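One structure below.
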Amino acid sequence: MTVRFGLLGAGRIGKVHAKAVSGNADAVLVAVADAFPAAAEAIAGQYGCEVRTIEAIEAAGDIDAVVICTPTDTHADLIERFSRAGKAIFCEKPIDLDVGRVRACMKVVEETNGKLMVGFNRRFDPHFMAVRKAIDEGRIGEVEMVTITSRDPGAPPVDYIKRSGGIFRDMTIHDFDMARFLLGEEIASVFATAAVLVDPEIGKAGDYDSVSVILQTKSGRQAVISNSRRATYGYDQRIEVHGSKGMVSAENQRPVSIEVANGEGYTRPPLHDFFMTRYTEAYANEIAAFIAAIEKGATISPSGADGLAALALADAAVKSVEEKRQIPVA
Amino acid sequence: MTVRFGLLGAGRIGKVHAKAVSGNADAVLVAVADAFPAAAEAIAGQYGCEVRTIEAIEAAGDIDAVVICTPTDTHADLIERFSRAGKAIFCEKPIDLDVGRVRACMKVVEETNGKLMVGFNRRFDPHFMAVRKAIDEGRIGEVEMVTITSRDPGAPPVDYIKRSGGIFRDMTIHDFDMARFLLGEEIASVFATAAVLVDPEIGKAGDYDSVSVILQTKSGRQAVISNSRRATYGYDQRIEVHGSKGMVSAENQRPVSIEVANGEGYTRPPLHDFFMTRYTEAYANEIAAFIAAIEKGATISPSGADGLAALALADAAVKSVEEKRQIPVA
Amino acid sequence: MTVRFGLLGAGRIGKVHAKAVSGNADAVLVAVADAFPAAAEAIAGQYGCEVRTIEAIEAAGDIDAVVICTPTDTHADLIERFSRAGKAIFCEKPIDLDVGRVRACMKVVEETNGKLMVGFNRRFDPHFMAVRKAIDEGRIGEVEMVTITSRDPGAPPVDYIKRSGGIFRDMTIHDFDMARFLLGEEIASVFATAAVLVDPEIGKAGDYDSVSVILQTKSGRQAVISNSRRATYGYDQRIEVHGSKGMVSAENQRPVSIEVANGEGYTRPPLHDFFMTRYTEAYANEIAAFIAAIEKGATISPSGADGLAALALADAAVKSVEEKRQIPVA
Amino acid sequence: MTVRFGLLGAGRIGKVHAKAVSGNADAVLVAVADAFPAAAEAIAGQYGCEVRTIEAIEAAGDIDAVVICTPTDTHADLIERFSRAGKAIFCEKPIDLDVGRVRACMKVVEETNGKLMVGFNRRFDPHFMAVRKAIDEGRIGEVEMVTITSRDPGAPPVDYIKRSGGIFRDMTIHDFDMARFLLGEEIASVFATAAVLVDPEIGKAGDYDSVSVILQTKSGRQAVISNSRRATYGYDQRIEVHGSKGMVSAENQRPVSIEVANGEGYTRPPLHDFFMTRYTEAYANEIAAFIAAIEKGATISPSGADGLAALALADAAVKSVEEKRQIPVA
């Protein structure tokens, strides 16, 4: 069976998913929609699909699933519409910046028996998957301490930041999900600190650019997250899980892994420049998992509930910074 | 412009090239031929191309280029036929196991104004390309000593070995080409030692499984090659170039790069299992370079002359083992 | 000039310092005292020094300096006595578990014009010193985020834990000092979480074995500390400092750095087994710095004030765990 | 028991051994002799020993063992004299540059029941010892291919080179010994290439600065050696042993192992600057092994026979370069 896709949104992340869908032998990209016709046409030209309106994709008989890559504030509405239209839905994170709106949206998905997958791509990175597999196989015993380092090469434009919901909901949310993926137990409390060290404009926009977070589960397992909007050496993405019998870690990836030695020392090139190149395989695996779940009628993961849980942690982090205390989460 | 391909040979390496051609936006795989219809049909089914005879591909008006992946003893004949038919030719190494036959074949290519690229895939590996780039940029000064380690995870079947021309012409030939690629000067002499340490059956078939080679250029630059048909830890592929101002090296690649630590120590997973997975990017880049050369009418590299030069080094290595002395090469 | 030493306390850490003093060309170990004569005699036999009482060392005309390695609850008294006796004092951390007692002791040191160095050995590790040097040279720009991972191979006996002042004052105190050493700005607040994951007996003794800490400076710089009383792979001691222009890190050290590769992967041996072997060079450098400061009449660092500052951070961490909030520090 | 030492020769390597002897709890350095009184006095001052003549050390009743660090052309005579005087002898390599002279000297040692250890320090490096231990424990199965990379940071003065016996007898000799140490089987043939790539003055002095060697045992095991008199990145000392069940390797060592990351990439500092710092532990272990053998009356290793075997390989390498062929060794 081939799953027939419509792509909603032809921007930066839309292109990533267009490539992943087109490269999958079990999928075909049928149509793309975007408010900017030129963006949609660029993808249509490259992958040989049609440009349609969102309404046309909604009504189409030749489309089984959609990938939602439109601006965040449209996600929840689109999920509801396409769930009602009976399409399987892959939606980029977050579903919405408001927990109440997410809950309402999930209710519609449930009532319409919808299939919804949320785009936490890192769960599908082969290295992070191997970390999780090592845990599942008992190679490190009981998980005790998780360390997540996540630094962007540079800050996004301040305009983007203003609409982003803030660093915790925009950037740390991936690390919240990764912590949940690795801790093996639900998180009970959040403590966060935050500062503006990279760019004062980010502070003027009401956001932070450098944050540290401690998450704790009921039994006392801890996860530490370190985020910065700046890393001169590339896109820094590391995880380490320490357990009762050992430790497992995934180091950074490089596009080219040579080493040059001279009187200055031994130098390896910088890391990948950003997520589009770092997570190429993850995006391909993610869409493959979505397709496999559709074909087998299997439970979809990560689900809307996973999206909601990560958002709740982000909300708690914001509150923790404001109130300078540990915030319990349900 | 899209280059239209015919694939000759649907075996293990044929599949690798079918994938590389199909994944290239500037190419289309039109037809595949193989003596075993089932093999051809498998590729046709997977990539949506036709099964044709070699003769039909030769005569086809809708095919611009062919990839020759048939058994070695057919390469030279096919190159001549398709060069006469006006198709651009990508041929897996070697052109032939006999230097005289290679020369005769190259004469035909020249007379028919043919375009011939020989499949030394490692030149297109992104890591080895970066090594060469570092040299070209002068980062290590003048090249002095090249070290190439190349070990297969396991030996091929003895039947294959009997037809292979021996380890120097079958396996080391890639390292001879890599040495030429990196030394920056033609090789003037070859010294080789060889032994049977892995499997006595290989010795009974008249071949070796463990060899060491020293190549020297006229000015005294040296390359050392270490080969084994066995490596329990995966497909071992390393190069190091030492120069007057520094050193550059490319380490092995892994499909998954996690590390597990416990009382036994720190363990990273084995290397790639073999060339199909290790050199995925190299095969894609190689076909892309072939296509680019066709489209731009540029000189093709590595050429038939490169194939011939590597074969001459292999012949010299065989002679060196037999005569226990350094063999000069033209 | 040769500095003549008396050693107070001949236990585990006393032996470490006896070796460091004896190996220093500018020092001589004259006498050792311990409540257990056998322990003192062992050191006297090995290094060719005398066994004396503490009182005799206090009164001795042939001793310029003492190294205090007795139990923690004697440190402050001994510092006061030997400061009054005009000896230069190197004291193992902590001066006392009570901030008030430390302040009183430091007052005596000040009044007697004493020379006091506190044993934060990690500041003298060559790798960590190189990290600090890279920061001082401006190689990473302004410090933004410090990450300290510090895990003991195994927990000490519960009896020790009961007298230790708890994990923050006994173990994390080294990391608090290292954070101060690296942040380049005084710490303004402490947040800590703590749990018992390793051994329930530790919990019964009123202590924790797994803790995470976030420190923040006034300008917003952050340090994250991850501690565990268990690490199956050896004594885990890493630091990483992220700045506006780059990052500098010091990896773990191994006594033997070979690698064995086979079908299971690539395995390096475990880390050093504990501080005595991991910090051999640090202990030697530390005593050398103490001697150099005595000889040059230079300011001693780390000083009693550094010991006090680290203890105040430990106290704040305890309070943070109890009150589940960020604790400001003066 | 304490072994009482005399040191013959107070130059660069003499200082290294003075430190090793003085740092050993079972040894005492009693006297030092050197043709340059100032050199001897420097060591005497630093380690608190006497300056004596060679004759006085020979006749001394308070000296059990000597360390010979004088110029190479005096080694054989001194070994004979001190063997007759009943002293245990540690002699820096080589015993002599002439195989016949070495044999004659060893005969005297044998006749006088002498104890002679030859200074192949690398056998005592903890990392290389661990490589050998891994082999002995069967972790890599049967040894098949050994790779030794050995590059000096810079060439010695041409005056030294003229007296050195040439690169094979001066520098490669250590690698010949290491190959013997690791191959587990005697070497049957030598092939060597050599060139002048670093400094034409070395060529004018009749020597080479860049050499590659292949050694082969009777059963076909191979060792490859790569030498250069130049390495801009420090003292390059690596070994790798490939066997039927796996591989074991020892990487280079660094005095400081930090890493700085920025837009240029990830940089680690250069290697140790030369053997005095790289092999500090090896020199200490070597003297400790010599002392232990004396105390236990055990067989001394590496012995004069090991020195002779390495020299014979060096002679064969010289001949191989001259005759461009593989040279059999007895």
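A, B, C and D are the chain letters, set down in written order, and residue numbers restart from 1 in every chain.
By definition in this document, a residue touches a chain if its C-beta (ideal position, glycine included) is under 8 Å from a C-beta of that chain, and two chains touch if they have at least 3 such contacts.
Treat the numbers as computed from the prediction; the structure is a model and nothing was measured.
**Q** Spell out the chains that contact subunit B while also contacting subunit D.
**A** For subunit B paired with subunit D, the chains in contact with each are A, C, in label order.
**Q** When A-D is set beside C-D, which has more C-beta pairs in contact?
**A** So, comparing the two chain pairs, more contacts are at C-D.
**Q** In whole angstrom, how far does the Cα centroid of subunit C sit from the Cα centroid of subunit D?
**A** Subunit C and subunit D have C-alpha centres separated by 39 Å.
**Q** Take the average of all CA coordinates in subunit A, do the same for subunit D, and state the distance between these two points in whole angstrom.
**A** 57
**Q** Return the residues of subunit C touching two or more other chains; collapse runs of consecutive numbers into ranges.
**A** Residue numbers touching two or more other chains: 232-233, 245-247, 261-263, 269.
**Q** Which bits of subunit A are touching subunit C when the two form their complex?
**A** By the definition above, subunit A touches subunit C via 142, 144-145, 147, 149, 151, 189, 191, 193-198, 210-212, 214, 216, 219-222, 224, 226, 228, 230-233, 242, 244-247, 324-326.
**Q** Can you name the residues of subunit B that touch subunit C in the complex?
**A** Result: residues 232-233, 261-270 of subunit B touch subunit C.
**Q** Show me the residue ranges of subunit C that touch subunit D in the complex, using the header's touch definition.
**A** That would be residues 23, 25, 46, 126-127, 130-131, 134, 139-140, 245-251, 253, 255-263, 269 of subunit C.
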